[in-house]
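So, here come the structures, one by one.
Common to both upcoming complexes is subunit A, partnered first by subunit B, then by subunit C.
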Partner chain A sequence: MNSEKTVRGIELRDEYQKFIGRKVLFFLALILGIITLSGIAATLGSAEISVLDVYSAILARFFPDYFQTTWFAETIVWGLRLHRILMAIVAGAGLSVAGAAMQGILKNPLASEFTLGVSSAAAFGAALAIVMGAGFAGGEFLIIGNAFIFTLLASFTVYGLARYKGITPETMILAGIAIMYLFSAMTSFLQYVGQSEQVQEVVFWMMGSLGRSSWDRVGIITAVLIICYPYLILKSWDINALGAGDETAKSLGVNVERTRVIAMMLSSLITASIICFTGTIGFIGLVGPHIVRMAIGGDHRFLLPGSALAGALLLLGADTLARTVLSPVILPVGIMTSFLGVPFFIYLFMKRRKEFW
Partner chain B sequence: MKRLMLCILAVVIFAMVAAPAQSQQSAVPGDRDGNTVVSDQELQLAVQEHKDGKISSDDLAEIRHVHDNYPRTIKDSANREVTIYKPIERIAVLTTEDYEVLRTLKASDKIVAASKYVTGSNETDLLYPEGRRYINVGDPFNTDYEALLKADPDIVISYVTNPKPGELEKNLKDTGITVIRMDSGNISQYLEDIRKMGYILEKEDQSNAFAAFYNQMLGTYLAEVKKLPDGDKPRVYLEADFGSGRPYFTVGATHSFDEMLKAAGGRNVYSNITYYKEVSPESTIMQNPEIILRYKYLKNIAGLGKKIDDTSGIEALRNEILSRPELKNVTAVQQKEVYAFTWDCTRGGARFFLGLGYLGKWLLPELFKDYNPREAYQEYLRNFQGLDLDVVNNGVFAYPEA
Partner chain C sequence: MVNITIKGLSFGYNGSKILDGLDLVVGDSEVLGLVGPNGSGKTTLIKCIDKILKPKGSILLDGREIEAMNRQEIARCIGYVPQSSSTPLATTVFDTVLMGRRPHMSWRVSPADIDKVAEMIELLHLDDLAMKDFSDLSGGQKQKVLIARALCQEPEVLLLDEPTSNLDMKHQLEVMEIISSLVKQKKVSAVMAIHDLNLASRFVDKLAILKGGKIYAAGEPRDLISTENIREVYGVEAMVMNDLDRPFVIPLRSLNGGIACD
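On to the complex of A and B.
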């Protein structure tokens, strides 16, 4: 009897370890993928610097005594390529984590920065600066600041509306969709009254690009992620509990409203800090988490870090293709994220017949 | 179902608006058989009627004029034959370029409807002081067809590709309004366009006068540029930034800015791409341009209304390029051959007298030594646009001034 129990216990432990092992393996594969792709991406570009020169330029910063580099290689690698690669990694990770958190707390597979009105609010903020703004003097910061402020404004409005009606996932999604339509309409109106050149620029802004990356901006986004991400991870158990229903979560001692509101605000903050620099990069926040969910399941302790890795890999791959496939022309990265991500998404979707949500 | 009802309603309303417009179209005077042409025989009949006291001398003169001068056919920029059967009395013009062309031809008394930029925008007071008089028909991208039909023009002038080919024609079908599509911002056919418009408007004298002025002012320089071998022309990177402050967007073949650049004597380092695209900074460094030009639409920061020394905004544009670390070793930046110009240099006639002029002076300073963009533009505005603006001592258009 006793030994039977022990055997059962060992079996369970083995099973759990296998279960965890698969996830760890998945993480390792993603991390390896990101490192490899970064390594390759650093060597790709119109400047046609040899792989050796690229790595000499990178290592010369850390070991100036051992590695020689030229001004040209240094400028290309440190001034143009590396921060863009890191930007893709942090932006992809951030958007994907924000999406995963939103889907989790709202218990809705369609929740993302798009369906919650966050993206369209950012686009409206940018369009307002482009069409009505004073131009160059405040120019760039006006657009960034506007996008950021409107993103947060939309989140607070969604929250306010939902709170007024009682915060349930449905009310939040509904309020988000209403806000999305409102901001989209206002953006369309601005495009209608704007000069054709401004209209074109609004369109470009909405397509999203990593062309505006810089070390400072990578730093800002990283800082926001460092501040917001640990809280989300800390609350991943609570988000899991929310999945079983608000009542159940409450009975497990989760402060449902507080968790939902804080997680929502942090996700919005992450999204805002990214898309104000990049423009709206759609799809990653929606599909990054779904890909991970299909691969390793919906446990947020694993889903959140997994989404970060998957989003980073997806955006990095997309941007690398976007800037090399038609070189010297750079394609909008949003086009590439869809080209890369959708077939993969559909593949997983077809392969895993069972309900994954 | 609801959509279907809406569609039907729209069609009915459109038909109601279109129908009276159609009936308002007056027939060709003196044309009895309805073939829109006054034949010798029809003229004879009119002469007879005049003798019999049935029509006035003015009527007869009009019929004779139509008989002697019409139909007039041109090929518009969309390469379609456009035939005019009687003197044009009412014009709707959707573009600002063609609006200026009509002023050049002294035909603005025939304008009845114009684009929203003419009838009421921040340029209206300075550049189109008479603009508020006209019916606002939107612009080529968002045309207000009801207003257009209400204006009841004989012809409507727009761009080649906007409104979309066929859209304008379809919406004006059976109204008797003739659509003319022009590409008057295109340097290679600017004079030809003006000549064609002069012909159908019976303003040949004005179009000849303008051609003479243009050739004397700018044409001689451009002809010299054409003779230069490619090797003598500088290699240019033109960064065109239309409002968001994003760098490394440039123009290539088929863009009108590329045409301008070529005409002014530059070799576009990105002539192998088309239209308007983002390019990688890396390839720009690799191309090592000798001159960098930066274009930006600067609302309220540059333009006609600015004091001539109020250049801080446009200076910032140039300085931003000069301070980009990645461009530090590019020839243009090292030799400070970086220039900025604004939208005010590229709209209507300014594109030629101001824009092309500045570009020429920057790219080939020796050849354009005696050309003065501000003075040429001033003469154009005074003599051909009827505007009493001082652009020699006022306005910010380009930096540094050549």
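On to the complex of A and C.
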């Protein structure tokens, strides 16, 4: 088969390059949004510093010969505020990437950490630690360890149930929903028998918050992302093929079951490593990928990185608002993500008439 | 060029046999049409040839046992075109066709891959639709995109599952003409499940009639399309006429399900 380059063929190649270029521009806009919002977010708080002070303090750490900062600005930025901002960025990116991967491999626009039972398992783990004091680890890791272990336990259970019936998107979603209801019921039971302070703590944990961020935790989530994300990106062609149906994916050379199971496990691991520190933050994993899908299409080579950037921007935006709307009271970020994102999502959803899924 | 030899092929679910001891040979640059009533095993046979389903028996591609080949090797030899109506995709036409390069490329798309996609898009006259979303296309256009995707695999064998179902008369003819000419031009073998006996008669080189998971008859269309065979296989009374040395069928009435009006 010769590939002769006709005039129309050359035009087609140029059109495709421009098409890719538009996606890259979208990424650059999101990156710019994250950098700008990070600067603004770091100025918010009782100690007043300017956006310029923030950027200078950050850049002076890496390029001390070129940028000057004050001790005050450096302490405020590096010691108090930047880890929370980075936590929002890595947690938002992780939740959104995991959501995009789950939706892709399960061919279901509703697939997310909630529909696969992962969030409710984490909530149960945390509730068990808070109400009963029982868990897999002690001390400050009691709640975190429980949330993490129960998240993975839910994923393995969903996988086990689906494997018994045959690993298809339908069996995995149905098994996930069954697990979600089971853990929700068990959490409700713990809330019913718990004391009022404990119940309050469980409810607060389930609303999600970035208030528990620290450099160590940012580092752990980043490390998990660095381990898991490359596999998902590497398999983006296979996830695209899965969207065309299992049979088509097999005919294109994809090992359907293995790809689906590994991608599902890695997505769960990313989610587990985030929500064990932040509590359950809804919306990002579900809607972050949909916003990107509506903007640049469903090609996972671009959808996965795009979702990471959109998720980071959404969670950072939500946390920034959560810290300011009722200042000095800081609202749980889980509430703000929906308040901020749902109107935006509905706007895009109504504006875009053609199918995007 | 490649030929397919199928020996003693059987497949079933939960004890019920869908294919039962099939023997079949598809020659080089030949279009084999699989015809037969619903549930006779046409689609199942196509899926077995592509190892989407794992049957008992033997399928040889130029003497190579399919069972011993991995998914990637099979994808480099066999292109599968599913029914367009069952394929929801959230990608553009260009990206959908590019997916056909998956068995040949790593993550990175090379200029040669882009060239191959552009070539196939031009070959199937899809250039004006290249940057449109697949979901926005008509049934006939979708079918052409799926054929282009399969051709991008540079296959030696093309498997098509009812490529003309849900298409109007014009698009049925267009799709069949494309398949017929591509098979000769690209020197591939094709196996096609098809319901329309008249299209099969006109465009395939060989027919295999399936009934109850077995080959009822195999040979040239002019030898197989007869009132007796249609009555026996479909339970339909039909008139078979000849035009341009090809038989064509006018179905008259169902033998066991119809309601008498006169």
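Methods note: the second predicted complex is superposed on the first by the 320 of 357 C-alpha atoms of A that agree within 3 Å, B and C clash if a C-alpha of one lies under 4 Å from a C-alpha of the other, contacts with A are read in each partner's own complex, and residues count from 1 in each chain.
The rule is short, and it goes like this: a residue touches a chain if its C-beta (ideal position, glycine included) is under 8 Å from a C-beta of that chain, and two chains touch if they have at least 3 such contacts.
Only a predicted model underlies this, so the values are computations on that prediction, with no experimental measurement involved.
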Three-chain arrangement built on subunit A, subunit B and subunit C clash or fit = fit
Which of subunit B and subunit C A:209 touches, first, second, both or neither = first
Subunit B versus subunit C as contact partner of A:298, first or second or both or neither = second
Looking at the overlay, what does A:36 touch: subunit B (first), subunit C (second), both, or neither?
-> neither
Thinking of the overlay built on chain A, is A:247 touched by subunit B (first), by subunit C (second), by both, or by neither?
-> second
Return first, second, both or neither, reflecting whether A:70 touches subunit B, subunit C, both chains, or no partner chain.
-> neither
Partner chain(s) touched by A:130 [first = subunit B, second = subunit C, both, neither] = first
Which superposed partner A:188 touches (first subunit B, second subunit C, both, neither) = neither
Which value in Å is the smallest Cα separation between subunit B and subunit C when the structures are fitted on chain A?
-> 38
Can you name the residues of subunit B that touch subunit A in the complex?
-> 117, 139, 141-142, 242-249, 270, 273, 276-286, 296-301, 313, 316-317, 325-326, 328-329, 343
Mind pulling up the subunit A residues that touch subunit C in the complex?
-> 1, 3-6, 8-9, 11-13, 15-16, 19, 233-234, 236-238, 240-241, 243-245, 247-248, 250-255, 293, 297-299, 301, 354-357
Contacting residues of subunit C [partner subunit A, same complex] = 47, 50-52, 71-72, 74-76, 78-80, 82, 86-92, 94-96, 99-100, 102-103, 107, 112, 114-116, 118-119, 121-122, 127, 130-131, 133, 135-136, 153-154, 159, 186
Subunit A residues touching subunit B in their complex are 45-48, 71-72, 75-76, 79-81, 126, 130, 133-137, 139-140, 143, 192, 195-202, 204-205, 209, 211-212, 323, 327-332
